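What follows is a single structure, written as structure tokens, with notes after it.
Chain IDs A, B, C and D follow the sequence of writing; residue 1 opens each chain.
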Amino acid sequence: MNDILSFASDYMEGAHPAILNRLLETNMEKTPGYGFDAYSEAAREKIRNACQAPEADVFFLVGGTQTNATVIDALLQSFQGVIAARTGHISSHEAGAIESGGHKVLELEHEDGKITAGQIARCVDAWHQDANRDHMVMPGMVYISQPTEYGTIYSLEELEAISSVCRRSDIPLYMDGARLAYALACPANDVSLPGIARLCDAFYIGGTKCGALFGEAVVFPRHDTVPHFFTIVKQHGALLAKGRIAGIQFDTLFTDGLYYEIGRNAINAADRIRAALEKKGYRLAFQTPTNQIFVMLDEKQRRDLSDKVEMGFWENTDDGHTIMRIATSWATKSEDAERLISCL
Amino acid sequence: MNDILSFASDYMEGAHPAILNRLLETNMEKTPGYGFDAYSEAAREKIRNACQAPEADVFFLVGGTQTNATVIDALLQSFQGVIAARTGHISSHEAGAIESGGHKVLELEHEDGKITAGQIARCVDAWHQDANRDHMVMPGMVYISQPTEYGTIYSLEELEAISSVCRRSDIPLYMDGARLAYALACPANDVSLPGIARLCDAFYIGGTKCGALFGEAVVFPRHDTVPHFFTIVKQHGALLAKGRIAGIQFDTLFTDGLYYEIGRNAINAADRIRAALEKKGYRLAFQTPTNQIFVMLDEKQRRDLSDKVEMGFWENTDDGHTIMRIATSWATKSEDAERLISCL
Amino acid sequence: MNDILSFASDYMEGAHPAILNRLLETNMEKTPGYGFDAYSEAAREKIRNACQAPEADVFFLVGGTQTNATVIDALLQSFQGVIAARTGHISSHEAGAIESGGHKVLELEHEDGKITAGQIARCVDAWHQDANRDHMVMPGMVYISQPTEYGTIYSLEELEAISSVCRRSDIPLYMDGARLAYALACPANDVSLPGIARLCDAFYIGGTKCGALFGEAVVFPRHDTVPHFFTIVKQHGALLAKGRIAGIQFDTLFTDGLYYEIGRNAINAADRIRAALEKKGYRLAFQTPTNQIFVMLDEKQRRDLSDKVEMGFWENTDDGHTIMRIATSWATKSEDAERLISCL
Amino acid sequence: MNDILSFASDYMEGAHPAILNRLLETNMEKTPGYGFDAYSEAAREKIRNACQAPEADVFFLVGGTQTNATVIDALLQSFQGVIAARTGHISSHEAGAIESGGHKVLELEHEDGKITAGQIARCVDAWHQDANRDHMVMPGMVYISQPTEYGTIYSLEELEAISSVCRRSDIPLYMDGARLAYALACPANDVSLPGIARLCDAFYIGGTKCGALFGEAVVFPRHDTVPHFFTIVKQHGALLAKGRIAGIQFDTLFTDGLYYEIGRNAINAADRIRAALEKKGYRLAFQTPTNQIFVMLDEKQRRDLSDKVEMGFWENTDDGHTIMRIATSWATKSEDAERLISCL
């Protein structure tokens, strides 16, 4: 199991050792359930500090689809839909969880996984200006992810523009941060946690793909954005009985800058692999600064490389190429990156 | 945190040490996600063996409410409801998760948390005989839990009678085994895992309250009882990206009889406490053979005991008493049981 | 079809002739759709006047189950349930429409179909006082019907008490008035339309069972109680394209006191039948002042009477009797009531 | 109200006089409710005959959005979505009713409102071939409308190709026939009711826009396609208490060819208007053979024409034109068509 060189995804290992150690140390302590323990409270406080959002409500859920479904359901009224890129995770890879909750995903065309303030404004305006709008799904919030499904990131300028449209239109902005550590650590990134907290109405800081066994930290920067969110979480089956297991993980991730360190490890490896790919003449499907590299391979390249390294399949192109994903993570070892480079 | 003598619930600690050790040993291995790893497969096979159900489909979900909502939604058609005790977890303490999925809980009166084959038959027959049945919610399945919310257990005879009514009525029987280890380990229990697999159409083996960090193992004894259950799990936000974290836990629980050992530890402690309570003249609210003891205290008793030991609040009775819950678990130490007994 | 003497229900004929005539007269006029026509507006205004609720929002829907599901869904938040009598129409005879919309019906025991302010207060208080309330369905509104499923009516005193509990608890009170005409016309009734508008947050004035082809008029006495209710109606499939068909019917029902006249015709007939039943020694299952009479028959009585008159089956009692329903309506002819009486 | 020349929609009047007369004649007859009356049964039998589908199950619902939501919910499993044109009524103008029922609309690009067998095959195949398909919404049925939202019609060849893809893929084909009379009556149409019954698994024959006060007749050509559909209808709030009101209307529509006559009246008028528009140099937005004409007007044309005749607003084009809809119907008088033509 350990011998294959694998860059197939960023959730192939367990957890960052610091997390497991902390779980071990605290294992036999008795704490109250459902997140009312001291570890969860400490983690919440550290996240509030990291976000410079002292009033924030913070909740720990288990996984990404669950978090998206729960937050979106909590923010929307029954007759509203959520604006998202057609390639957004909620649009394409959550088995209809949003619709299962009763809401339409109002899909916009994307560019490299991103949507723009202009598109959102046009979507909202079109609804307002349509004489039949009362027969239509009302745009009720905006969903973006940072990084996107395509590994790209929004710049601060782009995020400010989107936030501004949302506030002008009085609809909340929600950011899916399943891989947020890998955006935060990019040299090219200028969107910090305090920036996100200032510009979004809700977001989550991903744990599952960023070094935790599981877990996503939902942040509502303004207190009581969603009254009774605890019960909504319970109703969605997303409430952990042993809430501290998530709390301890996020407490660890936000101690001594571990979350940033995790991001940097992945980005350093990805940057080296990217440089090597370009040097050796490989073609990238899109330019990404994060931990996911999308390389376009012809049939021979794909066969040769697949023999030596496991990658994630992304899609076949119309002209007979295959786009494969190379993902680094907190767990990527320097020597494995070198081994991959030597296979190119 | 460690000094208080606490018997408030059975999910106050982390996980059985054997589980944490196994997570630690396997931590840096790379495996595929979503339960397609070798640990999950090994766990599934061990559960099939333990249930003597070689064709069983086994899935690992995260928590109890989530599992109930997902399985019930998968088993029911849109116009059907689920029969359950009024005191059932799905009826009372899941924040309406079943209704949120579109289904009515058809509540029956309980005796000590249990419902009977006769009640179920009358409920189903009443629907069949009602001239207005097509305007009513059709009974579509039966939900029971073992042990029940009140810590009582169904005997094999009772379970066979219930199963027989369900099969005659062509509706599936589902058992919530959130605390199943604590039923299996009771001297009074005659319902084994193979018996459950033979008599139920779906059930889950609880991990969260029986020694795991989290996790519940859903078992459909007959293959393909629910086609596309994987997607249904995903749609409910119940699919773990790092599925192996659940798989490793259940693999450990079903190695060398750990699940039974966990049960026995709790029952031994509970039996000693129960005997001491009775000896000292305390009144039990209901007779339970499992790890939950419901003791009825007058105001003075409650105050005296609460000073020394943390218990779970259950309910106030009309005559001014309080029912408190004492719960033992896999983690209850012999000396803590003694300390509790010495406080009585 | 016309020869059988039938008192099986109050929706066996078409519509009051005045309604059909009005539909005929206006048939070829061209009007805008969806309730934006002048007839619907006139009907809304007449209803506002009849309710002494000049700010009321009024909407015309098609049927009772649809109206209940739409209004309840509009008034509740996702994690809330609706308090109702166990015998309420939404609890028992709407095929789970409320649960299909995601909400639990919090069922209270009834007395002759009615629930009390005290019961409601205890239900709401129990939730507030329960330490586990955040894991439970929050009582979010109260549903009553006037008359009830059992043909009984709330007195003004009872309704004021219920309304007072609701307002103190900050939850809306909704009245299902499927047969409201038959309550309004009872000599014993002291709850007028203005009283209902003053004490309820939403209610509907039944058309289907009170002389219309179909149609229920939803009244929210306070403007904008539910923003975007039009879209919610559309989403529930409850929006009539030719909205005027409902508008014309309610315009007619609220012209020259027709709605009251319809009620009186039914009550006059019912009162005469009731008196005759009592005189001849028949036993009534419950005392009802409205258009539904529930008579308890032994086997011989049932057979004899069923040969001569069609009644509605209600239920079998444990002691071998049958409760049959005799329903009068706007369409009951005086001579048919006499024929029925002569059969007793 | 009668003086304006209006072609704004096809649901501006009441009902065809033959329908009102029949309602009047039968008004005081007593019949059972919920569609169990002789008129509804007669209507069902006439529809079976017209469709040459002797085993068909036929149900009468009230409106189009309701019918679509009910049928689609009945045909799909919880994890499936419905394929439809992006411009389909369910995609755009039903306020999210399909998503409210838990299902995603899998939107395909359209050409003049239509989708092709090839597109459907590619959509289904893409799901089958996607390694992540179990994380995605499964295509579970196909929705088309005849005529489409753009007034175009599918040819028999196109419908056979679509049906063939559906059957090969084992997913049902459902046709929304809100304006079916206006397709059936087109000279260019070669898709008959028996053809639809042969090629579709479910469809509805529109009443509301084709001469009835309201009502849509759902046809499942094969018996028991959806067991318990009656209860599903009830749960969706779509069951008429006085079912005969719908039954009488469809009985009348399918007596002496009235449904076809209604179609022909509209098409004759539309054809004359279309010819006049073309003759006078107006530009049509798309070629439609049915009762809806979409004319592209520049600002001056729009102003001039709007003064004289009411049309429906369709959309603004990017180059400053407006597309307006002219709709004829069963109620369009020959002289009104002439008056319109004289305004051009």
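Keep in mind that, in the parts below, contacts are C-beta pairs under 8 Å (C-beta built on N, C-alpha and C of every residue); 3 or more make two chains touch, one makes a residue touch a chain.
The structure displayed is predicted, hence computed values, not measured ones.
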item	value
Chain whose Cα centroid lies at the greatest distance from that of subunit C	A
Chain pair with more C-beta contacts, B-C versus C-D	C-D
Pair in A-D, A-C or A-B that repeats B-D, with over half of contact pairs matching by residue number	A-C
Whole-Å separation of chain centres (CA-atom averages), subunit A against subunit C	50
CA centroid of subunit B to CA centroid of subunit C, Å	42
Between subunit D and subunit C, distance of the C-alpha-averaged centres to the nearest whole Å	33
Sequence positions of subunit A contacting 2 or more other chains	78-79, 94-96, 100, 102, 134-135, 231, 234-235, 239
Subunit C residues touching subunit D - in the complex, by the definition given at the top	1-2, 4, 6, 8-9, 11-15, 17, 20, 23-24, 26-33, 38, 62-70, 94-97, 100, 208-209, 213-214, 231, 234-242, 244-245, 331
For the subunit B and subunit D complex, residues of the former touching the latter	73-74, 77-79, 102, 134-135, 138, 228, 230-232, 234-235, 239
Contact footprint of subunit A on subunit D as seen in their complex	78-79, 81, 92-96, 99-105, 107, 131-132, 134-137, 313
